[in-house]
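Next come two complexes, and both contain chain A; in the first it sits with chain B, in the second with chain C.
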Partner chain A sequence: MSLLTIDTLTVTFGDFTALDHVDLHLDEGQLLFLIGPNGAGKTTLIDTITGRTRPTHGTITFNGHTLNKRSEHQIVRAGIGRTFQTSAVFEELTVADNVDLAASARLRPWQLLRRRRTLPPDVIRHLDRVGLTDHADRPAATLSHGQRQWLEIAMLLAQNPRLLLLDEPVAGMSADERTRTGALLTEIAADHTIIVIEHDMDFLRRYADQVTVLHEGRILTHGDVTTVQNDPRVQEVYLGRTPQKATP
Partner chain B sequence: MDALITQLPVGLAIGAVLLLAALGLNFTFGQMGVINMAHGEFIMIGAYTAYVLHAWIGVNPAYSLIVALPVAFAVTGTLGWLLELGLIRHFYGRPLDTLLLTFGIGMILQQAARDTFGAPNVDVPAPPWLTEGITLGDIRIHYARLFILTLALTAVAAIAYYLNRSRQGRQMRAVIHNRDLAAVTGINTRRVDATTFFIGSGLAGIAGVALTLTGPTGPTLGTNYIVDAFLVVVIGGLGQLRGTVIAAFALGMLNATVEAWTDASLAKLIAFTAIVALLQARPQGLFTVKTRALT
Partner chain C sequence: MTTTAPALLTRLRGPLTFLALIAAALLLLPLLLEPFRLNLFAQYLCYAIVALGISLAWGRGGMLTLGHGVFFGLGAYAMGMHLTLASTAADPLNTTGLPQFMVWSGLTELPWFWKPFTHPATAIAAAVLVPGAAAALLGWSVFRQRVRGAYFAILNQALAAAFVIFLIGQQHLTGGTNGLTNFPVFAGHSLYSPTAQTTLYTITVLTLAAIYLLFRHVNNSRYGKLLIAIRDAEDRVRYLGYNPTWAKTLAYALSAMAAGIGGALFVPIMGIISPSLIGVIPSIMMVLAVAIGGRYSLAGAATGAVLINAAETTFAETFASGWIYLQGALFVLVIALAPHGLAGLTRQAATALTRPRTRTTPPAPQDTTTGSPA
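Our next item is the complex of A and B:
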């Protein structure tokens, strides 16, 4: 069943065309990797799906509903969650409160006035899933870079999304952290639909099934990792170098 | 030293009034960064709410003050909410325009009060149980001052609970910390803005009711407090509850003790000089938010 359909999506900023007639189709349960050189429009695409940026032309349909005019929090509540390229958490709140904030965002205002005495089971479950149970009561500011990325994923899961959009989830991580993130991703992919923006070719080869390549706002090609990697157009886009080296 | 002790109740009372006036600004100005010049007029409307309850509706003075507190909170809170919804939200990111806009709103509200209640001051009688006082040694403590102090400290406790313990307060802090992240976390940031304004303006109403205990109520009541209230928030550090509390009482004590030696206007001058000196040394105020935000 089609979960996300993007139809002739165009986004322009003044004279600059960030996305140019992009068509994308995502089935329930799919794990899609999105790659492309800097400025290809990857983040703009995610921004547009989540309502941060408005489409100039075209439509985005999620689960049978058009998203074009919905506000950001409405899109979150419709079931689309995202992370940001630069990891962002609420640093003055504890790790558990960060997840709780995401889990309770849908409650009515009067329900939010009561004090939370114990952690909701869902929050405990998500913390456990990303391996941050031991850090639950510490301020999020004390987490390492990798742990922050995992906290973001826990916050995302707490929103109960059907579609997850991850913007460079392993950027800046150590090899060990990458492996753990990869395992986490595989686990989440079992019951979620996911789009991942990632530059790391090694990570892509290990965890990606389907890859879509964006270049200058257009979809260059789409296919499995090996096919895409051997595509001369993709190699040309990355100026004859391996995609890995094209990463800043 | 003697002056310090005898002036202690006066200083605490002035501090408590300043604190009540500044607590609301701690939300609208401290948290959201909106300079609402009509905040003083919200204080004035809070005081007139107490007057209307007593003089027009005829609530028994014995408990009209207690009734006036929640009613004034609702009245000025709703006014603030409407102001945010109808006007201020269209001016976010334009502080100078907001300042002029709310200054104008303040003048409209002042004139509206003058038209409704007349230019002369009106009096709201204090409940009989607040007119007395007790004497401890050299110090005379009026129950009215004690009441204002208790009210201010209760308000601080309630706000501390709200911001730190309730999920709604945490949502508010989250929106201020990182608006984009709050939105993708599923928080309705527009509603949080409106709620912040409602609470901040409602607190002005509470301050207004408290001010009826200290003197007569007139259309320009708020203008006497607005500058001091902004100063308290700035000295304390923006959005810092504990800074606001300390700054309010420090300014209150400074005013009261200096006033005991000299006179009211000289005391004001000395207080302002001290503030200017302090802000030269610490432009960010007494306390600042510690974050390691990347953006």
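Our next item is the complex of A and C:
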């Protein structure tokens, strides 16, 4: 049985159809890249899975439960975590507190009211994994753009989700930061199920295995990177007929 | 590296300052101040208790509670009702067993909701629990609908206005515009004796200290950090798996309970509670004092409440009409120049003074931490 099943999902905003009968299946352990030109509906799809946007039609089933009517925090508790295109960390809290807060969501209210004296081992482990141990006690506001994205990934891992949704994790990163993020992604993918939205073709060629192409709210094609890249329809809508200009 | 002795001193500086302040307030001030001034100071401390609550809800949780007069009033009226009944019972000339204003309104029997207040314990419990329950109910229904910011503030104002209209309109039940007054006894003790006033003052100081420590603990817990997160990015918090509704409701209810306690203490000290003390304008004044003192710091908020109320008394004694302009100007100045209030200024000054010696340490601490009491 697949972990995530999206069945004829349609989302409309007034007259505009953002998602049009989208079907998607994801198995446990899969790493799926989702690409498509601007306005293709990639972020809308993630928003709908995580409860930010409500489906107009169709169903989303995760691990046997229908998510359609659940609120955002219930969906997270069901095991789906996400990051945001523009990083959204809590600037006034320290880096460690950001991760600690993400790791504590399942605690009971009275446990939250207790004072934390030392960092839980899990939090230390996640900080180490994304390479932010040295910044643990600084306010998150002092982090660079790339570090914030890594902090988001650490917060995501701390939630211990079964499915991770990453919205453009390398957007705005330097080449060096991209390489580090790619390595991190490969490492996480070994024991997680992940959907990544990404624009960067170069990054895709290096790290992607399976790719799904969205265009105008519909799934255009799905397959491995080479097949998708050579698909004339993809070249037409996504690469603008000229594969050479693929990397923005 | 520093040796352990100075390090220990630094760690103890907060608790020591705190204890010194309590000791000074309890031992020194009753000797230095004449009873009238001590009574006034006790009133300021009641507002300081309210300010701690506002700091928790507004500074921490981002909920601009422009209606805290209501919760202050609920606590005050709970205590006022008991004191009214106690004075009625102690009055040998009153044969009806009803408060004077009820007799004048033609009532022949005590209204049902007055009856439990004959016992002081009920009054004290109600002064804490009724504001808490009212805030929890209001908070839960409002936060669930994701109402926040200015809308929440306006709702609070409306609540304050409605509460005052109710109090004035139901004169036979509440004493109307005159409120409740004339409280000679509490639990068999005269309230007019100097000892009683000193005892009330001591209780107020200790209550303030206890609520300060409780809220400080709340601020330093994970829940306190969750409140900061909700204040700064409520929607993001949902994607961590938290439901912000309960977290905000709890902070709002705790805040209302502090206001209720402040109100309950205020009544026997002041000797009166009336709608004019708890309406829209007093509610705004309570928030103003917190803004001036520094809403992100519990100590700052409490200090702000004491200073503003003390300044009001001082100026009202010399030139009454000038105070309102000065207060307005002070508020504009603080918002424009020192958004973190007096507490923020103090911290900045302290950082500036210690900078040369601590150049190698990371940047100044954030203003949101409560820090040491000062």
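A few notes on this one:
The rule is short, and it goes like this: the second predicted complex is superposed on the first by the 238 of 248 C-alpha atoms of A that agree within 3 Å, B and C clash if a C-alpha of one lies under 4 Å from a C-alpha of the other, contacts with A are read in each partner's own complex, and residues count from 1 in each chain.
Everything that follows uses one rule, which is that contacts are C-beta pairs under 8 Å (C-beta built on N, C-alpha and C of every residue); 3 or more make two chains touch, one makes a residue touch a chain.
Owing to the predicted nature of the structure, the values given are computational and were not obtained by experimental measurement.
The superposed arrangement places chain B and chain C in clashing positions on chain A.
In the superposed model, A:R138 makes contact with chain C only, not with chain B. Using the contact criterion defined above for the overlaid structures, shared-chain residue A:H73 touches chain B and also reaches chain C.
After overlaying the two complexes on the shared chain, residue contacts for A:P37 are found with neither chain B nor chain C.
In the superposition on chain A, A:R106 makes contact with both chain B and chain C. When the two complexes are overlaid on their common chain A, residue A:P55 makes contact with neither chain B nor chain C. Applying the stated contact rule after C-alpha superposition, one finds that A:T86 touches chain B and leaves chain C untouched. Across the two superposed structures, the residue set of chain A contacted by chain B and also by chain C is 50, 71-73, 76-77, 81-82, 84, 88, 90-93, 97, 100-102, 104-107, 109, 112-116, 155, 159. Across the complex, chain C is touched by residues 50, 71-73, 76-77, 81-82, 84, 88, 90-93, 97, 100-102, 104-107, 109, 112-116, 137-139, 142, 155, 159 of chain A.
Residues 161-162, 165-168, 170-171, 173-174, 177-178, 180-181, 183-191, 195, 289-295 of chain B are the ones that touch chain A when the two sit in their complex. By the touch criterion given at the top, residues 217-218, 220-223, 225-226, 228-229, 232-233, 235-236, 238-243, 246, 250, 362-363, 366, 368 of chain C touch chain A in their complex.
Here chain A touches chain B in the complex through residues 50, 52, 71-73, 76-77, 81-82, 84, 86-93, 97, 100-102, 104-107, 109, 112-116, 141, 155, 159, going by the rule given at the top.
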